[in-house]
Amino acid sequence: MTTLLQVQTLSKHFQVRVPEGWRQRKATLRAVDGISFDLQAGQTLGLVGESGCGKTTTARLVLGLTAATQGQVLFNGQPVESQRDATWRAQRQNMQMVYQNPLGALDRRLNVISQVLEPLLIHGLGDALSRTEQAQDLMDSMGLPKPLWYRYPHELSGGQRQRVVLSRALILKPSLLVCDEPVSALDVSIQAQVINLLQDVQERLGVASLFISHDLKVVRQVSDQVAVMYLGHIVEQAPPNQLFSEPLHPYSQALVSSVPSLWQGQNQKRQILQGDPPSPLSLQSGCVFQNRCPHAQSICRQVKPSLTRLNPERHVACHLFAENPRLSGAPMEVRS
Amino acid sequence: MKAPSLTEKNRPEDEVSFVQSAAMLIRSMPLLVRLCACWTVVVLLVAISADFISPYSYSQLDLLARLNPPVFWGGSSDHWLGTDELGRDVMSRLFHSVRISLLVAFISTLLSATVGVLMGFAAAHFRGWVEQLVLTLVDFQASMPFMIIALAVLAFFGNTLVLFIALMGFYGWERSARIARGLTIAANEQGYAAAVYDLGASPWRVYLLHILPNIASTLIVSITLTFPEVILLESGLSFLGLGVQPPMTSLGNMVGYGREYLQTAPWILLAPSMFIVVTTFSVSMLGDWLRDRLDPTLN
Amino acid sequence: MMRFLLIRFFRGLLTLFLVLSFAFLILRSTGDPAMLIMSADAPPEALEAFRKGWGLDAPLWQQYVGYFKNLANGHFGYSMRDKSPAMDLVLARIPATLTLALPAFALKLLIGISAGVYAALHRNTWIDRLLISISIAGYTMPSFVLGLVLVLVFAVGLGWLPSGGDATWQHAILPVITLSLGGAAVLARFTRSAMLEVMGQPYIRTASAKGLVWHRVVLHHAMPNAAIPTLTVIGFMIGSLIAGAVVVESVFSWPGVGRLLVTSVANRDLAVVQSLLLLVATTMVTANLVVDILYGWIDPRVRTGQAGQGKTV
């Protein structure tokens, strides 16, 4: 298995101004703070966390839509560009993004088939006839039959729109698909359809996927590995079954316990986190989760735990599990 | 799995003919707006066909028939709207004035829209200091009454028609710029433009094929509302003798020169005045109606 | 709030600076400024002194600096027609213009706001519709047409009022009316829509549900909130007042600043035009600054720095 994507100690800091009385204070917003992970071809890595934990920023960094403050992203061994020049544009053929809001991502004045084939036009692939054919075939296989092809985005349902966005993303046959909350805006019944479709597509085309969501149930279904993010850090990474049956990091435990599930016994109590999440602006030393962690110790306030590898498939960033503190955050591998 | 399709309309048969859609448009207008639309069409026709429908040349003198009143005011039917102090037929001069005033207004409006949109796009696309520069210019333009700027330029540079039209072309560009910038930023940040960029499209493609068609309706409304203001501005300057110069004649021009004869021959300035008022009123009403129609469907 | 005001103040200075630079650039591109600013038959020593003062033999950027130095020292040039200092000419005419502008402004506010509020409170009645039509007619009618029509009716036709000049206070009536009506129409329309928007807000319904007498609701809750967007329009109105004065003074032969501008432009009396430009720019900048201050005072959101943080879009 080839490592398609390697993310190495990636950070993205924003300089912002915070109002404070009369004036404004300059502060650094650490949206993403030193994360690392790998993704193999054809695999799916699910990324979960609360709003504001840095998931979308990570997605944009991976695709080169934003420049990293530190660290790098390697795609097929090559660093990902963030300058929007011709090289960057050419790289788009291999990696695409699917957005949360399908209506906003589509041009309301053009019919959907012309939008699906537009990437082919942009990169100069094929002629008019073959482009149209490719688009038609793809839309068919995505469950969008002929009567819908010449419709406009606002004339389609939410699920249909998301299929259009997916088709547009897939027509170039990219090897990496980044999905940012692709089903959050859809009705539950449609969510299942689209998820099935995504998995189908992945199998057929062998596309690797970075699947971002705050919805644990969905992530559990589609991922080969799940990474839990909190305030710009990855706190735990594991295969979904292991993560959901035996979460190790206190934050993961709280997350998992909040999901009603058939696997939990009647006795299992929900873990409720005390305290407010700290703002990503304030700098504290030590673990980012210390304010809400029921198991916080004094070391947690001083030293930031690094992502430790417990076994080839499980990694946790917590002092409770750090047997060898000298292990620095070596990039982990996502293996199936 | 096949998604249930919406009502089975077959697209090609959906297309209505041009005549049908024009008819639908007209039926949707309230009476007043319909009248305004008619008047606008009349004015356009007059401007285009001025040469054909004028009974006399606009500069033709007839010193024997000076200051004749219009036909409904006791004058002869030779000159329906009377003559001016040099015996020139007021109606013919009126038609030619309409042509010149409209010409100036059209070209200027187009110029200002183009300049404005380009500046707006530049600001939204490059952000940073370019945007700050454009915003400062927009502020500057919006904070000084345009007439004063225009007068200053006319004072310094003198007055030829080309210069005048170019000057008028700077009226109102800041509105188009603001619209273009605002809508482009919205499209870029969260919307369809961002998505098309991510597909690998070049900025040219995004602006011409995606953004421009989407902002066109808002721009058109703004232009329709600027157009009458340009007419007013040009008339005002011509009235003061600083706009269109003789021997060319414009609506404001006629009013200005006819002013001396306010007491003795008021028809000289009343005809063009009425034209100015009714035309700007009609175009403004049309623009208002357009805006009301387009706004709800925009979002 | 202080930060907001300071930004505005500097922006105003920047505008002034831009206007003056604009004048400088244009002057330089139309020929020898000394000859243009001073009259052609001024004594050669005076011309030389002026040139030296301007440093016309120096590189352009030095001239630029010198230009501003001159302005700072009050050297605004001489009128070509009058041979007297340009700025003095301009300043002498200000009272005449103010005689028209101040009453017109007050009238505009009075008519515009009351008409707008009234129309909003009686929405969709015939009065409202009438007012809307009148207001549209108001701003599509150019002031010179309105002025001439008024003269035709009241001076020529009825003989009640004089048609031109500034001899008695009666001479001021028609100009003031002409000047105020256009702006009043715009203001009425704007006030109406601002009021309508405010009246539709939930807090208005709450206020009247609390049992407040209706006119208290209007005066104490609706109008102050509607005043906020209306303030910006008033800022524009000052600009249009100046532009309107130019035309109206010409129509009524009123010897004010506007008329001076027109004649100076026609005669290409550049020093006077330049001084007038400076005057107008200063007035506009000050007016906008005052509006901003009032804005900040009335709208608490601005005071606490939440609005106008400089966030774009």
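We just call them A, B and C in the order they show up, numbering each chain from 1.
Going forward, contacts are C-beta pairs under 8 Å (C-beta built on N, C-alpha and C of every residue); 3 or more make two chains touch, one makes a residue touch a chain.
The model shown is predicted, which means the values in this text are computed figures rather than measured ones.
Of all the chains shown, whose C-alpha centre falls nearest the centre of every protein C-alpha atom combined?
If one averages C-alpha positions chain by chain, the most central is B.
Quick check for the class: compute each chain's Cα centroid; which one is farthest from the centroid of chain C?
In terms of C-alpha centroids, the chain at the greatest distance from chain C is A.
Just how far, in Å, is the C-alpha centre of chain B from the one of chain A?
A distance of 51 Å separates the two centres.
Measuring centre to centre with CA averages, how many angstrom lie between chain A and chain C?
That gives a centre separation of 56 Å.
Roughly how many whole angstrom separate the Cα centroids of chain B and chain C?
The mean C-alpha positions of chain B and chain C differ by 24 Å.
What residues in chain B touch two or more of the other chains?
Expected reply: no residues.
Quick one: which residues in chain C touch 2 or more of the other chains?
In chain C, no residue touches two or more other chains.
For the complex, give me every residue of chain A touching chain B.
Those in contact with chain B are residues 63, 65, 84, 88-93, 96-97, 99, 101, 104-110, 118-119, 122-123, 143-145, 147-148, 150-151, 155-157, 159-160, 163, 165, 168, 193, 196.
Taking the complex as given, what residues does chain C use to touch chain B?
Within the complex, chain C contacts chain B at residues 11, 14-15, 18-19, 22-23, 26-27, 29-30, 136-137, 139-145, 148-149, 151-152, 156, 163, 239-240, 242-243, 246-247, 250-251, 261-262, 264-266, 268-270, 273, 276-277, 280-281, 284-285, 288, 312-313.
For the complex, which residues does chain B have touching chain C?
131, 136, 139-140, 143-148, 151-158, 182, 185-186, 189, 228, 232, 235-236, 239-242, 252, 255, 259, 262-263, 266, 269, 273, 276-277, 280-281, 284-285, 288
Under the touch definition given earlier, write down the residues of chain B that touch chain A in their complex.
1-3, 5-6, 8-11, 190-192, 194-202, 205, 210, 213-214
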